[in-house]
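Both complexes below contain subunit A, partnered by subunit B and then by subunit C.
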Partner chain A sequence: MDFIGAYSQEHLAFLWDGFLVTLYVAFISIILSFFFGLIAGTLRYAKVPVLSQLIAVLVETIRNLPLLLIIFFTFFALPEIGIKLEITAAAITALTIFESAMLSEIIRSGLKSIDKGQIEAARSSGLSYTQTLFFIVMPQALRRMVPPIVSQFISLLKDTSLAVVIALPELIHNAQIINGQSADGSYFFPIFLLAALMYFAVNYSLSLAARRLEVRQT
Partner chain B sequence: MNVSILFDNFSMYMDGFYHTLLASVIALAGSFVLGVAVAVMRITVFKPLQWLGTAYVEFIRNIPLLLITFVFYFGLPNAGLRLDGFQAGTVALTIYTSAFIAEAIRAGIQSVSKGQMEAARSSGFTYSQAMLHIILPQAIKIVIPPLGNQFLNLVKNSSILGVVAGLDLMYQADLVSSSTLVVFDVYIFVALFYLVLTIPLSIGVNYLEKRLEKSY
Partner chain C sequence: CGSKGSNGEASKESKKDTLAAIKDNDKIVFGVKTDTRLFGLKNPSSGEIEGFDIDIAKQIAKDILGDEKKAQFKEVTSKTRIPMLQNGDIDAIVATMTITEERKKEVDFSDVYFEAGQSLLVKKGSKIKSVENLGKGSKVLAVKGSTSSQNIREKAPEASVLEFENYAEAFTALKSGQGDALTTDNAILYGMADENKNYQLTGKPFTDEPYGIAVKKGQSALAKEINASLKKMKSDGRYDEIYKKWIKEDPAE
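Let's turn to the complex of A and B:
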């Protein structure tokens, strides 16, 4: 174990770059996924005919596949049908496909958790179904969704590491390159320990925040 | 879609399917045992054990499975222990999943009302008797759906073996696509193999969740 060699300034800067790529890719993906997940989850909740069944099939299929498969598919298979994506774009696309399906379920069950009495009261006060959905159900449901969405973001941050298979220059990828700089593998433990601590620092803080929000709500 | 890709390479697909299933079953059994042990550590009255259990769960849950897999595959040989991809992947899966299982079990046990333990203790049960005969039977009902969910995740996560040449479906798909020079169709068939495993599991979990909701 060579801590001094492994933690040279150059290596640390390189590892930090990887960490920023992880954060960047995860952040963009969660924003996009929230957007698509909100549409899909709401359509399924509202039971829009045909569309909601189609979405259900799509969501269940995606949720039941390994993310690694989706990443592989996006980067290596889609070019065969003429869709060529760069590494970062492919990683974001794959993560967004997978996370949108996950988030749509969180959003749907958040909407479903709102008491039926609220809907009945709103409807009998003269609001239309769409008005009830957007002004009564959605605002209450969104607040309840925050903790599970934060947990999902933690998974996403961890799952971004799977993009090493398409050589996305994220944290694990860069850690591996630094590890390769030592002929005898003496950098492995120090570098991977540091990488693990970086993931832990971000994810543990997020999970504490999620728990706090949960406690405050109940 | 070229179906002959599936039939020409059927034995490789089946081999991958077998290893995916095998890794999942081994990791399930292993992580259940480990998870129960860690959960028990977390509810004991002995503080240092509690801290150790909590540290294990929080640390493992918050780092990527891939990182754990790399430690076993690329890291351990530095310490003189060489595991092949299947072994390294399965051990990593076991450790990763055990943290989630420990958390599910602990939450289940602690969701059983405190009054139950107090009533059992005042009826003359010892702590371990009360745990075994009163608390655990009630906790198991609560714990089963989240455990089912963990198993579902485990099957999907077993694809991590593909990254370290672990002979699973993802690995075989890589071989098939490099020999046939086709990617799209090869991975569509792999997806179907995964769905054969995961769809029944997720239907089962949903059913259990609904039944549990009703029983309250």
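Let's turn to the complex of A and C:
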């Protein structure tokens, strides 16, 4: 183990670059998958004819495939039908497809958890179905969904490391290159320890933030 | 910088001559490794990729386009190199790629540019003297998805094989006692032994692993130019210079 060699200024700067790529890819994917997941989950909850069934088939298919396969698919198979994505775009697309499906299920079950009595009360006081959904059900459901959604975001951030197979220059990728600088592998432990701490710091802050949100609601 | 969307066009027109496209664009794009010591390793401070493969690729660019700066490098992994070649992302693969019959169905290879052979690295004083000593109960460390892990299963069927993502991880495992020997191409083992005097190569290489430069299937004009360039750099001493710089030995004849 060579902590001094592994933690040279150049290595730390290089590892930090990788960390920023991880955060960037995770951040964009979180925004996109929350958006698509919200739409898909709500449509499925509202039982819109045809559209709901179509989304159900899509979501069930994606949810039951490994993310690694979806990453390979976006990078290698899409160019064959004329969609050519750069490494970062391919990684974001794959993560968004997968996590949207996961989030849509969280959102659907959150909406379903709201008591039927409330919907009946809202409808009988003159609100339309759409108004009931957006002003009565959704706000309460979203609050309940905070913990599972945040834990899904945490797995998304960790899952960005899978994109190392298509050479996305993220945290693990850069850690591997730094590890390769020493012939005898003496940087392995120090550099991967640091990478682990970086993942932990972000993810733990996320779950602390989620816990605070929960406390405030009750 | 100033790209004319040439990548997208190339993937659609698979019949297009890569050599002509290289000359039109005045650059040649090589797919290389960035995490492999001696052959292709990124330097974290400069961001440059360095190694035997890189230097060979630069000399090829110099012979074909007249300037080694016209060589461009794109990172590949063992999983992405062939698909990226097929998609037209890269013109040629120079990434420690062993010429095999299986791969010849998918790509065309140049002549051999590096004669590697699989060998064993052990701790000094180890009882293992050759591949024959790897019997039941012994553990061999190898790198995932490489031909070396398949070879060792054939040569030492009794031994159990542990596979790692890359050489550095496999060597860490050897040092921490998770295996009795590490197997891969000798050139990489020489690099490890050179920097870590407690470890040595043992026995003779037990396979023939010729590294070749891969081009898209049917691109014989480019393959011919690459072969001419390899021949030229072997005769004028540039090849020996690169070999000594990275492998720290004279090329074996």
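To be clear about the criterion, the second predicted complex is superposed on the first by the 208 of 218 C-alpha atoms of A that agree within 3 Å, B and C clash if a C-alpha of one lies under 4 Å from a C-alpha of the other, contacts with A are read in each partner's own complex, and residues count from 1 in each chain.
The rule is short, and it goes like this: a residue touches a chain if its C-beta (ideal position, glycine included) is under 8 Å from a C-beta of that chain, and two chains touch if they have at least 3 such contacts.
Here the structure is a predicted model, which means the values were calculated and not measured.
S.K.: For the three-chain model obtained by superposing on subunit A, do subunit B and subunit C clash or fit?
M.R.: Overlaying the two structures gives a clash between subunit B and subunit C.
S.K.: Look at A:Gln176 in the shared chain and tell me whether it touches subunit B only, subunit C only, both, or neither; answer first, second, both or neither.
M.R.: A:Gln176 sits against subunit B and subunit C alike.
S.K.: Looking at A:Phe3, would you say it contacts subunit B, subunit C, both, or neither? Reply first, second, both or neither.
M.R.: neither
S.K.: Tell me which partner touches more residues of subunit A in the superposed arrangement, subunit B or subunit C.
M.R.: After superposition, B is the partner touching more of subunit A.
S.K.: A:Ile81 in the overlay: touching subunit B, subunit C, both, or neither? Say first, second, both or neither.
M.R.: first
S.K.: With the two structures laid over each other on chain A, which partner does A:Ala13 touch: subunit B (first), subunit C (second), both, or neither?
M.R.: Once the two structures are laid over each other on A, A:Ala13 reaches subunit C alone.
S.K.: According to the stated criteria, A:Phe134 is in contact with first (subunit B), second (subunit C), both, or neither; which is it?
M.R.: Neither partner.
S.K.: Does the superposition put A:Ile154 against subunit B (first), subunit C (second), both, or neither?
M.R.: In the superposition, A:Ile154 contacts subunit B only.
S.K.: Let me test your reading of the model: by the given contact rule, A:Tyr204 touches which partner, first (subunit B), second (subunit C), both or neither?
M.R.: The answer is first: A:Tyr204 touches subunit B but not subunit C.
S.K.: In the superposed arrangement, does A:Phe35 touch subunit B (first), subunit C (second), both or neither?
M.R.: Once the two structures are laid over each other on A, A:Phe35 reaches no partner at all.
S.K.: Taking the superposition as given, does A:Leu67 touch the first partner, subunit B, the second, subunit C, both, or neither?
M.R.: First partner only.
S.K.: If you lay the two complexes on top of each other, which residues of subunit A touch subunit B in one and subunit C in the other?
M.R.: 72, 76, 79, 165, 176, 179, 184-185, 188-189
S.K.: Using the touch definition from the top, list the residues of subunit C that touch subunit A in their complex.
M.R.: 7-8, 11, 34-37, 41-42, 44-45, 75-77, 79-80, 83, 87, 165-169, 171-172, 175, 191-192, 194-196
S.K.: Residues of subunit A touching subunit C in their complex?
M.R.: 10-11, 13-14, 72, 75-76, 79, 84, 165-167, 174, 176-185, 187-189
S.K.: Quick check on the complex: what are the subunit A residues that touch subunit B?
M.R.: Touch residues, subunit A against subunit B: 60-61, 63-69, 72-73, 76-81, 154, 158-162, 164-165, 172, 176, 179, 184-186, 188-189, 192, 195-196, 199-200, 203-204, 207.
S.K.: What does subunit B use to touch subunit A in their complex?
M.R.: Spelled out, the residues of subunit B in touch with subunit A are 58-59, 61-67, 70-71, 74-75, 77-78, 152, 156-160, 162-163, 170, 173, 177, 182-184, 186-187, 190-191, 194-195, 198-199, 202.
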